[in-house]
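Next up, some structures in C-alpha cells.
In the two assemblies presented below, chain A is common to both, partnered first by chain B and then by chain C.
Showing the complex of A and B:
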C-alpha cells in the first residue's frame, strides 16, 4: 500500500524534472551564462533566487542545470544497459568461444578500479560532457554483462526456447522475441538504479571540480557556491537549491529502482512466515 | 575447498588485470593534455627559463619516446621503484603511505562501525521483513544512501560546524599545532564529524545486502527445523539465520576495504582532510604523473587482492561453494 504511494510520488517527481529540463527556455527569464545583474544579489523580483558571484541568475542556472544533469545520468545508464544486455544475451545464448573470450576479458577488467579511472578520464575529455557520460556507461556495463549472461544461460535451456529452435526460428528472432522480453524486467530495474548511480557520480565528479567549470550543471553550481564562500556569507539561496534538486531526483530514482527490484527479483521479495 | 588449479588460474588473471590496469593508466596519464609545467608551475610564475623546463623534462625522462618511457616505468614498478613526485619531490611510495595513514584515521573506525551497525540492523530488518519497522527502516536507509555523500558532508559542516559551532569547520588539527605539536584529542575532535558521516554511509550498504541475504535464508529448511526443535526466535535469528546470511557480507566487506581508498574522496574534499582522496585530486590538478600512477597501482593492487580474498574466504567458510569444480 504505502510502497505504492512512494512509487507513484517518485514517478511524479521524475516526470516533473523531465518537464522542467525540456521546457527550460520557457521557464527562465535569462540565459544561464548571461550576466544579468550585479554579483551576489539577494532573491528579489528580477532574480527569484538571486545571482551568483558573477552576476548570473541562479534560478536560470538551476533550471538549465536539469538538462545537463539528467542528460549524463540517463545517457550513461542507457548505454551501460544497452551494452550489458546485448553482449550478455549474445554470449549467454551462443556460449562457446565467444562466451569464454568475453568472460575472461571481464575477469581481467573487473578489478580495475573504476572511480579513479573515471576521474582521470574526466580530466582528459574535460569539456565533452557527452563523451564522459558515454565512458561512464561503458565502464559501468562490465558488471551488468555478467548478470544478464547468467540469466540468459538458464533461459536458453528452457522449453520454449528449445521449441522455437525446433521449429527452425532464426537465432536473432529467438534472442529478440523470446529471450529479451524475459530479461526485460531485470534490464529495466538495472536501468533505473544505474541512472541514479551515474547521475550522482556525475554530480560528484563535477563537484570535485574535475570537469569544465563553465558548464552549468548542479555539481558545478554546488562547487562554486561552496568554494567561494556561499555558506560563510549565509547565502543559502546559492548553495541549497542545486543540492536539493540533486537530492530530489536521486531519491525519486532510488525509490523507483528499489520498487522495481522488489517486484521483479524474487530473491529480494518479502516473505513473512 | 578451493582447488589448486583454480587458485593458480585466478592468480594468472590477477596478474593480467594488474598489467592491463597499469598500462592503461600509464598511457592515459601521459597522453593527457597539459603537464606539470603548463598546468601548475606556470600558474605560480609568469615565465620559466627555457633551461629549467628542458632540465625538468630531461630529469624525469619525459623527453624520451613514450614507448621507451613505458618500458622503463614498468621495469621500475616490478622492482618496487614507484618514482618521485614532481610537486613534493619525495618518493611516491612514502608519500602515499603517509597520506594513507591519515585516511585510515577516518576509515578504520568508520568501516568497523559501519559494518557492525549495518549488519545488525540488516539482520533484524530482514528477519521481520514486511513489518512496519522493517518498512520504515528500509526506506530511511535507501534515502540516506541515495543522497550524495558530499551533500551530506556539506550539510553536516553547515549545521554542526558553521551554525551550531560544535565542531571545527575543516582540517585535521587546530592552528595551535604550530606551537604545541599534533595532539591526539585534537585530531579526534576534528575526525568526529567525517567519521560519523562515513559510518552512516557504509552502514547503509551493509544493511541492504544483509537484509536481502536474511530474507533468502528465512525460507530455508534448517530454519523450520530449528523452529520445530522449539528454539526461541532470538536463538534462531542470531545462531542459525545470521551465520548463514553472513556470507555475502564477507564479499562486500573485502570490496569495501578495497574501495575505501577512493571512496572518501568527497568527504576528504569537503573536510579538507589530508588523505589519499584529496591527494588524488590535487595530483591530477597539478598533473603530477608519478604520484597519480602510484595511487593507481595502489588501488589496483587493493581491488585485485580483495577479489582473491573474497573468493578464497567464501569457499573456506561455505563448503557448498567448491571453487573451480563447476567449470
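Showing the complex of A and C:
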C-alpha cells in the first residue's frame, strides 16, 4: 500500500474521531455520568456496549470520552508547538546569551523522562484538564525548541534574511514574516506527532488515576474496567472499546506524522528504503 | 553635493586566534548623481565595505571611522534609525539572486515589503506600484508574475525582481553588490542595460570585480586591494591610463588584453605586509615599497597609492 493511501486513510480516521467528538449528543441519548441502567449489563438494545459497575452507559462514555481525550491531546500539542516555535525562533535568531541559557537548560531537561516528571507535577497541582494540558504542553515543548532553533540558526544566515534587513525590516517582522513561514512545515509535522504523544500521555495519566475522576475520558474508562473487575469477569465490551479507540487515533496521528515528516524531510524517506 | 562620505572607514573581524583587517582606512565621497564603482578581487573587502555603509555587519566586526549621510554618522546611529534609512533612502541589490528572495513568499509581496515597512504606500496602492515596477523591469505579465514564487523565475528574472525591490521606495542611493554574478553573457548585458536605464537619475555605488560592468555603468572607479583603496579616477581616464601597477595588472589580465594574470596571491588579511601591500607582486617595486606604506598620492584629478608617482 502506498504512503499516500495510508495518509488519506489516517486523515479520514482522524476526521471520524473529530466528528464523533463534536456530535456526541446526537449519537447517544445518555450523559456519560448518568446512571441509566442496572450495573454490568451486557450489550443490548438500550445499551449498545452495555453498562459499567455503576450502571452508566459505556457507549455514551466512549463517545463523550472522545471529546475530553481529543481536547487535551490537541490543546497540549498546540501549546507545546506554540512554545517551541516562539522560543526556538527567538533564540535561534538572536543567539547570544539567551540562546546559551535556554540551550543549556534544555540539555538539563532533555534526559529527564517526561512521563514520570509529569506524574510528579500533576500530583502537586490540581489535576484538571486545563492544568494537565498546560503541563504536558510545557514539558513537551522542550524537544521542539531544539529542533526549531537548529532550523532557525541556518535560516538566520540566509541571503534573504540579510536582504530583509537591507530593506529596513525590523527584527520582529523578519522573524514573523520571513522565518516563520519557512519553519511552518516543520511546525505542522511537529504538531501532529506531538498531539499523538500528548494524547497517549494523557490517557496514561488518567489510567493511573492522576486525574479528576468526575470527567470521563478513555483512560479513566480503562482504569475503571481494570480495577472494578471488568477484566476479571471477561467483560470485553467494557475494556476493549476505549482501548481500541486510543490505539486507532494514536495510529492515525502517527501515520499522518510520518507522512508529513517524509514530505518535509526527504532524508527520512531515503533511510527507509 | 556629497551624499555619503566615508571617512577613514576600517573594519576588523576578531576571531579567537586571529584578527582580520577586512577594510583599512577607506575614504570615499559619493555625490548625488554619481555612479561609482568599487573594483577589487574576491576577499579584498569590497562587500564588507558595502555592508558597513548599510550597517549590516555582524556583531564581531570592529568598525572605526565614520560614514556620514545627511547630518548623521551611520556607524553610530541607533538600529531603529538605521531601519528607517535602509531600503528607503539607501537600498541594496544583493549578491546572488537565487538565494536573496524568500522561497516561500510570492515575489509581489516581496517587492511590496519595503513600501509597506516604510509606510510609503497603503496595501492597495502598493499593489499598483508593484505592477508598475514589474512592467518597468521588463515583465510581460506583471500581474501574473507578482503572484508567483521565486523558484518559478530564471536567474535573470530574479535579478530584475531584486532590482525592483531595491528601487521600490525610490532611494537616494543604491548599493549594488555584484548584481550580475552567475548570469550568462546575454542575460547579463540585458540586466546591466536595465540597471543603467533605471539609475539614470539616481546615485549608484557598484561593487564588482568586473571591469566591463564598471565601465558600462559607472563614471568613476575606485580600485581596492587588500582592504584599501589603491587608485581612484574617472572611468575613462583610469581605464585608458591605469597608474597603479595593480590596476595595470588587472587590465592586462582581461581576456581582451591577452589574459596575463598577476603573479602571486593577495596578502592574507590576517598578516598584512608593513610596506606597500602589492609590493610582493609588483613588477615595478623598489626597495622603499617593502619598507614604507605608501599614502594616497594626488595627481591631478586622480588618487593613486604608489611611490612611482611621489
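Of note:
Everything below uses one rule, namely that the second predicted complex is superposed on the first by the 263 of 273 C-alpha atoms of A that agree within 3 Å, B and C clash if a C-alpha of one lies under 4 Å from a C-alpha of the other, contacts with A are read in each partner's own complex, and residues count from 1 in each chain.
Just so it is clear, a contact is a pair of C-beta atoms (placed from the backbone, for glycine too) under 8 Å apart; a residue touches a chain by one contact, two chains touch by 3 or more.
Computed from a prediction, not measured in an experiment: that's the story for all the values here.
When both complexes are superposed on chain A, chain B and chain C sit side by side without a clash. Of the two partner chains placed by superposition, only chain C is touched by A:159; chain B is not. In the superposed model, A:182 lies in contact with chain C only, and not with chain B.
In the superposition on chain A, A:172 makes contact with neither chain B nor chain C. Aligning the two complexes via chain A yields an angle of 100° at the C-alpha centre of chain A, spanning the centres of chain B and chain C, rounded to a multiple of 10. Partner contacting the larger number of chain A residues, of chain B and chain C: B. Contact with neither chain B nor chain C is seen for A:8 once the two complexes are overlaid on the shared chain. By the touch criterion defined above, A:196 lies against chain B but remains apart from chain C after alignment on the C-alpha atoms of chain A.
In the superposition on chain A, contact of A:119 is made with chain B only, not with chain C. Touch criterion met: A:251 reaches chain B, while chain C stays clear of it.
This overlay, made by fitting chain A, leaves chain B and chain C with a least C-alpha separation of 11 Å.
For the contact definition in use here, the chain B contact set and the chain C contact set of chain A share no residue. Against chain B, the residues of chain A that register as touching in their complex are 2-3, 6, 104, 107-113, 115-117, 119-121, 123-124, 196, 200, 203-204, 207-210, 222, 226, 231-232, 239, 243, 246-247, 250-251, 253-255, 258, 267-273. For chain B in complex with chain A, the residues that touch the partner chain are 13-14, 16-17, 20-21, 24-25, 28-29, 31-33, 129-131, 135, 139, 142-143, 145-151, 154-155, 157-158, 162, 212, 215-216, 218-219, 258-259, 262-263, 265-266, 269-270, 280-281, 284-285, 292, 295-296, 299-300, 302-304, 306-307. On chain C, the positions that touch chain A within their shared complex are 54, 56, 80, 82-88, 91-92, 94-96, 99-105, 113-114, 117-118, 162, 165. In the complex of the two chains, the chain A residues touching chain C come out as 158-160, 162-170, 173, 177-178, 181-182, 184.
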